[in-house]
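Several structures are given next for inspection.
The same chain A turns up in both complexes below, where it pairs with chain B and then with chain C.
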Partner chain A sequence: MSEKKVFLILQDTEDSRPIIEAVGADNPHVSIQRQPGMVRMEATQSLRINRETVEEKVGRDWDVQELHLNLVSLSGHVDEEDDYFELHW
Partner chain B sequence: MAAKRMNSKKRYELLTRNMGWETTYQSMDEVFPYDKFEGIKIKDWDKWEDPFRLTVDAYWKFQAEKDKKLYAIIDSFAQNNGQMNISDARYVNALKLFIQGVTPLEYYAHRHYAHLGRHFRGEGTRVACQMQSIDELRHAQTQIHTLSHYNKYFDGLHDPFHMFDRVWYLSVPKSYFEDAMTAGPFEFITSVSFSFEYILTNLLFVPFMSGAAYNGDQATVTFGFSAQSDESRHMTLGLEVIKFMVEQHEDNLPIVQGWIDKHFWRAYRVLALVSAMQDYMLPNSPMSWKEAWDVYFVENIGALFDDLSRYGLRMPKYHEVATAESEHLSHQVWLTLYNYSHAAGMQTWVPDDKKLDWLSEKYPNTFDKHYRPRFEMFRQMEADGQRHFSPGLPQLCQVCQVPMAFTEVVAGDAMKISRRVSTYKEDRFYTCSDGCRDVFEGNPAKYAQAWLPVHQIFQGNCGGAELADVAKWCHLQPGDGGEHVGSPDQDRWKKWRGEDTVKPTVMAAE
Partner chain C sequence: MAIEISSKQIEPIRHTYDYVARRIGEGRPGSRYQEATFDIQPTANFQYPSSYAPKYALFDPARTAIVMEDWYAFLDPRQYYYSAYTVARAKQQEVVEKNFAFVESKNLLTNLPDDIKTVIRKVLIPLRHVEWAGNMNNCSITDVGYGTAITQATLFHAIDKLGIAQYLTRISLILEENEETGLDAAKQAWLEDEMWQPLRRAVEDMFVLDDWFELLVAQNVVLDGLLYPLVYGEIVDDLMVRGAMSLAMLTEFMREWQKEAERWTSAIVKAACLESKANAAQVSTWTRVWTDRLSDALEPIACAAFDPVPTQPAPATKRNLGRLFSKSEDQCTRSVDSLSVTAVSQVRVALLERLQKQGLKLAEVA
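Moving on, here comes the complex of A and B:
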């Protein structure tokens, strides 16, 4: 099994906080690194954001594409659906 | 009852499919004259897929929200004299280099993606290019708006587009982008969307913008990350383009690999300027160039090509040279800029002790051995009233146009200038590396025509024979470049901060 890492970087803002929490909750293998102005989430092989988990954290409907507002960078193949956003190798 | 909302896949399909048609008044090849001559074979344009599936209505909504946020911050930054909160006036030189060397590239990208948005045969591909074209215009505009505030207080930010076309070190990014723009559409998109944006742009925006945050520059962080949020889409487009081309026809593979090799090297040489910006121009550096290279290139791009190997693609040629150079690059570039900044639109200086110690720590194999002694010598010369500027003009690499200052680090001789010679129609052409030599020899008729600033100055095409004539022709004003210590920028900064103006010699001896 390959050890390739994917990553997702978001701006370190209030809007990102529930997304980061949701990533932490749904991806036990994720490493979350805080750097000036940004938060880097790194995981082996894949990383997933579930709409439902973010909605629980944020307390309202959340469109997966709202991710664009706080996205800084990513790595991996993108798989975006209405209910989730996934990065994988 | 209202119909159930369509899912994003369906919405995207409706936006991008069946919007075009087979033309009959003119043949398709007449209507789309550019997308075949490069030899890329496309069997089915509908196999193109944009993983983000952003529709136009969603695109406008999100972009408008990004802009609203950004402009609120720019306004507040200006109102609250945000320029006073940066770490030091030296930092502004990174912004000078950015607006002179990067913002014009955003505008070039805007123009050329608009061209691609017209000329690819597939509708999905055209839509993706049209959105990127609009993104790139937004980047150019937001960068100009944001940095125009600094222009009120600091020198060197007053005429970046004019400088871009004329100043010697700016021919490095300019010639790279024009190389891509004068190629066919598939080569351009491989160059800019993949080799530059996917492979290397993280090195420009992520550590640099994080660095802006670390140096108190709220406005730049915001435009940088706002642009970068679009960039994530562009990177994904770059990866999609590569997969699409190699999946469409086996004959495409060697062509695509050749472009990846060529444009990786071209774009990497442009980033040489970024390495100096990151290690030397940021008074507080969150991450060294080498650390950024290890994370964003060695690890991340290693993973990418590990994955792409199933298509038969391999790492870009000479990637191992770039990795070996990562312990030398920023030092060699900064020393070069230090020697020639009297003819530049940004200032240079000898790093202070804190910075020298940081560099020694981050570059344990190279800095104390090769570079620190030179900075200590330059500092001594400054203390003696002999601040060194090179009076002559440097030889430039025929391809990347960086002064020939890189060395033979792979061959194990870090003190020997790396120089390659090619002959074309009985003229000799000099390049800085195997990478640039290969690019030259791949198409000598193109690169033999390169507009090299040094040659042009010597031929009398740049305003005159004296430095002052050339500077005037470039719209460089006194204070834009040269030594930072004792510059009008530094004087003003110290006055605003209530610090005494320190004479260069005292500063140098501290």
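Moving on, here comes the complex of A and C:
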């Protein structure tokens, strides 16, 4: 079970870029794969997006729900709060 | 027949432009902000020096006492380049327009009590001239400043200043039911009323500052850093408690704008101070000088808002508007613990504390 992977796939757009950077910064174990038109972020066990980190990258207030504008697919149990979005098994 | 669609991944040879890759490292996509900012400033082939400043090259980092190894250390935390800036402002503009339409349709400004209208006329409307000065000053920084990171942000600032001046103008037009009497009276006050002269003299002195970084500190860091919290914070809050909710709606943009501008000015001060002790000392001196001067200049304005001399309530008809700004009469009563003195010292302390956190050494230049 411990080897199970969660993933998050976003469209490869300018809006996703700060989110992808934030995921990279906050999840040292993540593997980021750039595919045609989309970016796949994969990690064992869990993957977390912190609002604060994205805000730092994007330079303005950022609502966690803005994630869904660029979301293609995901797998894992979703834990979504005002301050973070987490996937885990 | 079955068709098999397979996708083939093509690795892009470059992820961004070379000049961006040199700064952020190969193999990473650059952001639009980085692509529109890094190294855009022309640095060579200045064979025609300007006739009005022959000792400087066309774009010359030596036009300021601030010395930077890399002028792109002044990155804008808001990451404003043309598109991000216009999209952000368009969204805000929509909200402001709705607020204006609402206030106008319900006569929320024209129905305010006379004493509040007097404060709006005396304190708020003449500020359009200060905003215009802010536009001039930011255009001037954009002209002689060095490094796109700074000059693109100051040009956006210049445009914002015009926008804010226009909002103030519209508030006056609503208040006077589309007559320009309020604007004329405010201009007269700006030119002649004693309460405005220290501030007018200060911004006019800024017009002729030689060092553009000093101008940036004086205008964007200090003047805006004191004026906006004082007027759109303290004074508008006070009027709001007295019933002028509509005014708070119409000036909400200014308050939002200041919060956003603070992030940028803090980053500028921080980057300059990080670079060298000499820069930190220079920026600290400028900050100290302009904060002292401008907080003194703002006191009569705060005083007119918070501690006006109780006068016979004159009905503010179009004809006697001019009399509100008569030169001779004492405009307000002030003592060490009066509301206006407290308000000015509060915004001053808040500004200096924020700047000290960015690395200013204010105690050393006191």
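In the analysis below, the second predicted complex is superposed on the first by the 88 of 89 C-alpha atoms of A that agree within 3 Å, B and C clash if a C-alpha of one lies under 4 Å from a C-alpha of the other, contacts with A are read in each partner's own complex, and residues count from 1 in each chain.
Simple rule for what comes next: contacts are C-beta pairs under 8 Å (C-beta built on N, C-alpha and C of every residue); 3 or more make two chains touch, one makes a residue touch a chain.
Source: prediction; values computed, not measured.
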item: First (chain B), second (chain C), both or neither touched by A:Pro36; value: both
item: Per-residue contact with chain A, leading partner among chain C and chain B; value: B
item: Chain B versus chain C as contact partner of A:Arg17, first or second or both or neither; value: second
item: Partner chain in contact with A:His68 - chain B first, chain C second, else both or neither; value: first
item: Contacts of A:Lys5 with chain B and chain C, given as first, second, both or neither; value: first
item: Contacts of A:Val58 with chain B and chain C, given as first, second, both or neither; value: second
item: Overlap of the chain B and chain C footprints on chain A, listed as residue numbers; value: 35-36
item: Chain A residues within the chain B interface of the complex; value: 2, 4-7, 9, 11, 35-38, 64-66, 68-75, 77-82, 89
item: Residue ranges of chain B in contact with chain A within the complex; value: 7-9, 51-54, 58, 62, 65-66, 69, 202, 205-206, 209-214, 221, 225, 228-229, 231-233, 235-236, 239, 286-287, 299-300, 303-304, 306-307
item: List of chain C residues in touch with chain A within their complex; value: 7-10, 29, 31-33, 76-80, 84, 88
item: Chain A residues touching chain C - in the complex, by the definition given at the top; value: 14, 17-18, 35-36, 58-60
